[in-house]
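All chains are identified by letter, namely A, B and C, in their written order; residue positions are counted from 1 within each chain.
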């Protein structure tokens, strides 16, 4: 039977199940649900919270022949305790939305995702880059730096939108270089006073980036050793550099250390330098994993400006694996910043991948 | 070939299709699309609306061995007539977002979902707990009660966020106990004047729950008989108790009755007591199902405060099953509350599960 | 083992994987990820953007026997460069949310989707109806018309919410008729001054449609020829008619032409008539596809009101197919409207279906 135009569109719908059988195989659904009960000593609330990001993702790879592949990934983020999208206001596909090609030349993708620095450094953090209160990724491991200062309040701190992502192949089985470059496009960013004044802010509402933001990281892996160096400049020309290394003296033990330095001189008239370091360890015991870390963040002129306190954090965690996809955990941390932000934090929860 | 760090992450992406074959089998996608054409006699609009909640869900179960299982469920809710999320403002995963473990000890989950009372009582309602205008679940079956009074305007009335959900196993093949306890956490709740004044409201903006909200229900099933009793206290210390029973004199007929009493004394200076009852029936005829119900809600002091009217509702519905997953339906109802909210309602539509 | 009530609900969860194996086969996941790098000569920004709509959809068809089928489709739309839902504010299922039945009588669906005119006309547009800057679908092909003028700012221009969609079968292997009728329901529409004044607007906030909006299109296909005619009236009684035809002199070449006329007399006191035409071509060369088009939009009284300029657009595009699902593309266009909206536009990108 011949079909006219709308009939063809409807046939497309009707053939959904059949053609879907093909199409479906090109999409993988994956995700993480992590929820726990936690208590911070500076509040009197026992709450339901999370240790890891909660994800519901869709991804796929298509083999184009001759070693060329097309790849895409879309990742919803959400809060398991209330069912809303991450932090209530973040993009639906906060995790990432990227499409691109991979081949002998490396991997080239377009969209939104973690910057080269942010994606690289999580492998050197004892909580695996999870945004756990006990973890170091969101503050100490980045010296308080934010990759996207021009995004709206509540948005995440470690991603570029409107960006090109490039990763080289692994060179000599050892080295890899990763580059992220974002557009200067304005995306309804809020006013940033910076070195200006309230009436003449350095960055008025919805202004463009001062320069093209970019992020570069290089990694090297050799036997039990791994290391990285990274440099990033964000939309308000804040510069960050970071180095880190890990070492596995035995198979079940991984030692990690990172150092980072943030320079906000372009937009911050005083105390523009922040330095931070962190050392940590992961240790496997049977089905368990012990996580431990200690770190410090030091505003440069802290001695002269005594209200700017050093941040100190000591954390201990334990995972018990019920399966390769599911574990229960307990975390404890002591964080000391200013007098009013010093607290102990305890949590127990479940982490499930699907 | 050895991989360095980011290469490993990318390999994860590339192996998506393969590992996805495994991962995919752990996720079930399900949902409901329900849309119909309806008319309310107090407006002059014939509109496209819904009888049931519209769902797009993702769930899975992992067998951990020794009778232990990990389970998760994420359920998007939406409006089919406009394509927006439920009621425009509700959480993305309004249906539920829960993760937990199940074993000999019962089922323990964390997250957001229906309270024990709300989940239990829907089985005793002739519209199966659907939020149909013809149904009783959202108003009469709960005596006008709301489980989450502190959430923002437009949010749903029958769920706890930040909660722990526990269900016992079925004891002696007859009894089961279900408990939900929520955190006192503040989640941007609006001002609730309550027993206070405009300038000194009983619950200022974003205040915490008065006490830990909780919900308990017990069920018993024996042959053709089933019954429940439930007690719930919400964040502003409103107390609700409810009892219900169902009986199947023949296989194709199910008779239902519930009674409930709400006590808002903690936050309502006058008329704090509301009582409601409902009786209903479901009757299978061939591929059809007849639904019928009658109910009444009585504010306690209505005689002294004549503006507070009794609510009366009589409803009749019919489903015709085109398949186990799809039916068409027609509903008619007469609802009498105050003079301005008395209306007849008619709808015809299609209900499709996938 | 017998189960009591909540146990049954939980069993439903637990049987997810098994029953899911059935349920899953009834859902097809599909989508499009399209991202590119583009430059407009009237800005100094090189940005990441899109050529096509970005989709993540869920659809299914159920065979009900006797030639009857139930069908549903839910389509998320999003921006790949930032990860947000389309245009930041549109419905989650902006693409469509529809459910219905198909049989010998044709196809009847309820919900939200493209109108009959909008869905039909895209097949006669050289960019396949994609909202590319180089394409004609969103402006010239509709003479600047909007199907849903009462929706909130930022919403899309070519869909009906609260609508009934009917398509006849293909008659005599040649003809098909398509009808969309929307409700007059108010959905928080903004103020439309129209022929009123600021203080007495023609359509106050959240007012209902003047008349039932509807859209009708008819198509005919015979050998290498295809043609359509369409008529639509929106919620503020704007009337649009449109005709178009396509011809394939050889298999690899498709020529297209459309003409349309918009009459806004009901709500626009001056210049209510807009006319537009467009001619275009698609030409396959090996794995490539050349797209070309030229069009013009003429406000009727433009000579008397010289600030209302004619819009002229010339575009050229090229797709190179890496596979049936993936292509890379380059577009170039020159658009001349008013002095301030005349620009050249160039983009290069990747389009991936899954």
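Here, a residue touches a chain if its C-beta (ideal position, glycine included) is under 8 Å from a C-beta of that chain, and two chains touch if they have at least 3 such contacts.
Remember, predicted model here, so these are calculated numbers, not experimental data.
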{"item": "Given subunit B and subunit C, the chains that contact each of them", "value": "A"}
{"item": "Same-residue or different-residue interface between subunit A and subunit C, half as cut-off", "value": "different"}
{"item": "Length of the line joining the C-alpha centres of subunit A and subunit C, rounded to whole Å", "value": "35"}
{"item": "Subunit B, residues touching no fewer than two other chains", "value": "26-27, 29, 60, 92"}
{"item": "Of all residues in subunit B, those that touch subunit A in their complex", "value": "1-7, 9-10, 13-14, 16-17, 19-20, 23-24, 26-27, 29, 58, 60, 62, 64-65, 68, 70, 72, 74, 91-101, 110-112, 161-164, 183-185, 187, 208"}
{"item": "Partner subunit C, residues of subunit B touching it in the complex", "value": "25-31, 33-37, 45-48, 54, 56, 59-61, 69, 71, 73, 76, 78-85, 92, 102, 107, 116, 119-120, 123, 167, 169-170, 173-176, 178, 217, 219-221, 226, 228, 322-323, 325-326, 349-350, 352, 354"}
